[in-house]
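Every chain is named by a letter (A, B and C) in the order it is written, and numbering of its residues begins at 1.
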């Protein structure tokens, strides 16, 4: 049994979903991990990690649009406004989703379904650099 | 320290919550796992895994009804409509909940509270067959 | 490779976010854990575990206020009302957030970002005693 850590740094272009499944698969392949548990943790409070459909891009468009309607930027209701109209909305969107993912790895392959991809969901409107810690335990 | 994998296949009857705590407990008992970490991953993007109250069935009814009001099927706002009026709503419901769960196991028992059950939440209106990967690491 | 378990019992003062990062760090330091995976599981269905901003208290105020608007207490829509007007709202809030967290630990430090704290989110209006199971696997 062994453990390994890695940090991915992803540049976002502002609000939207970024598929980084390939970067995760690359780290697994490079280390020849076979069976174990992969944990991903995003070190930010205004973006999320999400497993979602990787086929029709309209799904990502609709997800983002739904969240913009559910949690409007610049809602007069919010007190925390010092960092811009999209900041508190980004914190709420993060609370409604997740910053950790746990994925079993079997025979060198993540237990993802055919249509599942791993996404970073940027909730701020401006581009950001986002850090994700990867941890593997297994063989 | 050892690892084990298992796949559960659950048939749903359409939208609603299915308690599968017994199936998980059965796998643990059969393998005599004592102490460790159990991870569950659902291989789909239009259903969720959820830990919720296992006492009053009205809780499940209200959860489903709340989500139907929050994320209406056939919302004219959605672009992704090719797979039916409930499909994009199902993706949003999945984003608002989770597809992974992590549960400690101590002395052969999952660390669930008295009122907690493990549920598969089907978000599509028609019956589906859903696959869940179970991973155990421990002793 | 070793494992350890711990139970934290937190007293809440009613609805709101309680930062318990220090209690988690204390358990890690006391056991001299260096590298591994920490899992937290909340044994209740009307409260959540959340990683959120630990700087401006307005963020916690706005989060709670947003959820009160999104999931109103005493919504006439709910059937499950026997335990009070805030009970079913609390179950929905739990479904929209999470009861498990998974955090890598590297060189004795949790992989939390600079602005991330670990919170217990009480969703009931009255004070409660909440139990959280901690599990560590690693070195």
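FYI, contacts are C-beta pairs under 8 Å (C-beta built on N, C-alpha and C of every residue); 3 or more make two chains touch, one makes a residue touch a chain.
This structure is a prediction, so every number in the text was calculated from the model and none was measured.
Chemist: Listed by label, which chains are in contact with chain A and with chain C?
Modeler: B
Chemist: Count the residue numbers both chain A and chain B use at their shared interface, divide by all numbers used there, and answer same if that is over half, different if under half.
Modeler: Under half of the interface numbering overlaps between copies: different.
Chemist: Suppose a student superposes the Cα atoms of chain B on chain C; what rotation angle should they report, nearest 5 degrees?
Modeler: Result for this pair is 120 degrees.
Chemist: Can you work out the whole-Å distance between the CA centroids of chain A and chain B?
Modeler: Computed value for the inter-centroid distance: 20 Å.
Chemist: Can you pull out the residues of chain A that are in contact with at least two other chains?
Modeler: In chain A, residues 1, 37, 70, 96, 98, 101-102, 137 touch at least two other chains, as defined above.
Chemist: Would you mind writing out the residues of chain C in touch with chain B in their complex?
Modeler: The contact residues of chain C facing chain B are 1, 3, 5, 37, 39, 41-45, 70-71, 77-80, 82, 88, 91-92, 94-96, 98-102, 131, 133-135, 137.
Chemist: Note which residues of chain C are touching chain A in the complex, please.
Modeler: Result: residues 1, 35-37, 50-53, 56, 58-59, 61-63, 65-67, 69-70, 96-98, 101-104, 106, 111-116, 137-139 of chain C touch chain A.
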